[in-house]
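So, here's a batch of structures to check.
Two complexes are shown next, each including subunit A; its partner changes from subunit B in the first to subunit C in the second.
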Partner chain A sequence: MQDRQEFIDFILDHYENPRHHGALENPDVVMRGGNPGCGDLVTLYLRLDEDERVVDASFEGDGCTISQAAASIVTEKVIGKTLAEVAALGHEVVIDDMGREVVSNRLRCATLALNTVQAAEKKYRAGQAAKSASEATVENF
Partner chain B sequence: MPVGMSTRMPFDATRIRADFPILTREVRPGVPLVYLDSTATSQKPQAVIEAMGDYYRRSNANVHRGIHTLAEEATALYEGARERIARFVNAASPKEIIFTRNATEAINLVAYSWARANLKAGDSLVYTEMEHHSNLVPWQMLAAEKDVIIHVIPVTDDGELDLAVFEALLEKAPRLVCMAHMSNVLGTINPIPEIAAKAHAAGALVLVDAAQSVPHLPVDVQTLGADFLVFSGHKMCGPTGIGVLWARQALLEAMPPFLGGGDMIRRVTIRDFKPNTLPHKFEAGTPAIAEAIGLGAAVDYLFAIGMEAIKTHEREIITYALERLEEVPGVTVYGPPAEKKGGVAAFSLEGVHPHDVAQVLDRDGIAVRAGHHCAMPLHDRYNVPATARASFYLYNTPGEVDKLVEGLYKVKKVFS
Partner chain C sequence: MSTHTGYARADALVETGWLAEHLNDPNIRVVESDEDILLYDQGHIPGAVMVDWVADLNDRVRRDYLGREGFEQLCSKNGIGNDTTVIFYGDKNNWWACYAFWVFQLFGHPNAKILNGGRKKWMDEKRELTKNKPGHPAASYKAQERADYKIRAFRDQVMQHVLTKGPLVDVRSPAEYTGELLHMEAYPQEGALRGGHIPGAKSIPWGKAVKEDGTFKSVEELRELYESQNKLSADQNVIAYCRIGERSSHTWFVLTYLLGYPNVRNYDGSWTEWGNLVGAPIEKP
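Our next item is the complex of A and B:
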């Protein structure tokens, strides 16, 4: 059972050493998400194989520790999953890793990246996936 | 004014704090509350909480046109609150005090009732870059609907309005100038009497958003120069759900009603209605009776302490706060120097997102707000997505400023 400080250290580690950070070359899906009014923005990139499995994912962004750390965590979670599995992910997947109590009053920050990648999946399904950051719409959460 | 109050007691912060039960709260075991978010909402003194409870315990009934005893008591309490609020801002008559849900609704009332009846396509109005969304969005909605043009007074780097631009804008003969008396982010106190005089000379009416000034400064509508003035109960030691539109009686008489329904009518037939006289013309449906009574108790409470004393206290606190915040490396406070502002300090801490600042401070019981504070255009202007904001009221102390600064050093440590 992790204690609070361990959760905080985990979050800060993802914030300071983000995994899969940067734009992907030739992504299949790009989605921007954020609440610009609070300064949290993330752009998620996905590359898929023929079975619609995520073979690579990355993010870029700007904002508070929790929103950015969550994006880093989300990229790790989605790699290797099919789009259907990504769509089925629940928020606890991110929140439990970061510590429910630690993020309890910043759930919007914590869920931003997952909501963004799930919005990307919906757009892909609808045949409207953006292929570049400049095309990707901002979904406000 | 309250019977028997001929002299005021000297400002005593300890006694005042004791009036607010919530200030003894611990946020978590051993961590007392340090409440620095009064600009978002103020805490309530026992007298206000009791006034509302007493009403529900003893005098609850619907107001107006009731013959029975409770209805008469409820009406007397409700209308009595209106009278005391009228005196608090020195209105010429209680008829000029319209109860609304809050300042936002009051501004919307003016937009729907005065503006839609009086403005036509091609007319213009003026507002400022420092406005709260409540004093921007209703006008943007109006502009889209009626082709009204909006001109904007910019904010200088020092956090004040660029009055040279304002004077130039007056040459476009706007019909209405909308402006905050005190900014909820920068704390800037705008020179309303001077601005209103110029606006009137150019043929414009003036709407003042006093949501941050009525709670913190003496406001006298006879000398301020506003034609419309709005404020919210919950920011001035009163409950949520009640606000006020003050406007000059002649203006209100000429305006069509806002919401339709019971109480705002004199007579209804199956096809027609006659609106009621002031103030009830603008108060449709059963009002927020307990809340109005609570606001009446709040103005009594503030009046007994004295708005000059409250203003002086806050000026001392903000002066001290700005001095101490200046010591912290990486902190930028937005807005003018202490002598030109009220007790609001929006700030950035370099390298740390406001959410993170607020969260670490919260661990020590310190309540500040993080975000855009319903002033996104102002944040765009300063090119920051969000700020943290500490705000002070009559119950805050210099010791709490010290705790804020200690907290900021802790934040820096966590993120170093």
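Our next item is the complex of A and C:
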């Protein structure tokens, strides 16, 4: 079982060395999510194959350590999954990795990226997906 | 402690250089309060304890602050006694440090100060940080009952202020003040269903009170901002608000301690209450 410091080190690693960071070229979906509580912002980019499987994902953002690290973690989680599988992800997939006790007082920050990518799935289904950051409005979570 | 002259309560501020020389003073307790909860773990001022507004200052069930017993426990476990000088600092130009300072004043803790420039200035000056958690022995703390009426405003008081055209200060960004952030009513912003501001409120964003390095502007600059430009004065009952009261606690500190206004209250219900309140009047320019 990981201790608190191990969870913190894990979060800090994702914050300081974010995976899949930056805009994707030719994304199929772009979604921006904001946390009005504290100014965290993330933009998630997804590229899909013909089976609606996420073949690439990335993020950009600005905000607290937890929100940005969570975005890095989420991009790793969604690559290889179908949109249906992404939609079915529960918050625990991020919270458990980050340490529930560590993020318990900032759950909105921890779940911002996952909420954003799941909102992206809904937009895609509705045929309303933005294809660029400039097109995408900010959903608040 | 503070290098600025002219502040009404210059002793409410300490400078980074002064604090660096007094870190081992047993009568001082440094408290870090941040929006980014993991900053403390990444490194904090030696000896500092963390007080988190979510975990430590808020009631867990109702939208309110901790009670007397909880405050006593909070102080005790952090080695804060009734005579301890508590020095608050944090990220975001000391928003949350001012918020924690304000909550401590609900209980009338007499010796409280803000570190001018906060966490950013301390780090910009490459001063010592540590990851070591301090092991302060528990202290005995006897708290007063909360005296909210002195520095906290509630919804009905604000409504009365609107009716009597009392001075209200909206410290949010201009786009929040105008309601511009709320484009479509189907997308709730800031947790509020409506955008705009409380009728009669002046827009004086909190950030206008600080310099680029996060330290407070001079008393002359503050008087120019609040008095010359915005016609506030020390004989008024001023109410400041933002979204949940954290940015407005920063302005409350400026008006109360730096300009010496005796009647300033923080409306912590702020826009998350007013903007969701059925029937509350809202103004948009």
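Methods note: the second predicted complex is superposed on the first by the 139 of 141 C-alpha atoms of A that agree within 3 Å, B and C clash if a C-alpha of one lies under 4 Å from a C-alpha of the other, contacts with A are read in each partner's own complex, and residues count from 1 in each chain.
One rule holds in what follows: contacts are C-beta pairs under 8 Å (C-beta built on N, C-alpha and C of every residue); 3 or more make two chains touch, one makes a residue touch a chain.
A quick note: this is a predicted structure, and the numbers were derived from the prediction, not measured.
> Using the overlay on subunit A, decide if subunit B and subunit C clash or can fit next to each other.
clash
> Once the shared chain is lined up, is A:P27 touching subunit B (first), subunit C (second), both, or neither of them?
neither
> Quick check on the superposed pair: does A:G99 touch subunit B, subunit C, both, or neither? Answer first, second, both or neither.
neither
> So, A:I66: does it touch subunit B (first), subunit C (second), both, or neither?
Both: A:I66 reaches subunit B and subunit C.
> Mind working out whether A:I11 is in touch with subunit B, subunit C, both or neither, as first, second, both or neither?
second
> With chain A superposed, which of the segments 63-71, 81-89, 279-287 or 387-395 in subunit B collides sterically with subunit C?
Comparing the options 63-71, 81-89, 279-287 or 387-395, the clashing one for subunit B against subunit C is 387-395.
> Enumerate the residues of subunit A that count as touching subunit B in its complex and touching subunit C in the other.
On subunit A, the overlap between the subunit B and subunit C contacts is residues 12, 36-39, 64-66, 105-106.
> If you look only at subunit B, which of its residues touch subunit A in the complex?
These residues of subunit B touch subunit A: 353-356, 359, 362, 370-372, 376, 379, 384-386, 414-415.
> Under the definition above, what is the set of subunit A residues touching subunit B in their complex?
Touch residues, subunit A against subunit B: 12, 36-40, 62-67, 105-106, 109.
> Going by the contact rule set out above, which residues of subunit A touch subunit C in the complex?
Result: residues 8, 11-12, 15, 36-39, 64-66, 102, 105-106, 137, 139-140 of subunit A touch subunit C.
> Please output the residues of subunit C touching subunit A within their complex, sorted ascending.
Spelled out, the residues of subunit C in touch with subunit A are 35-39, 41-42, 52, 54-55, 183, 187-191, 243-244.
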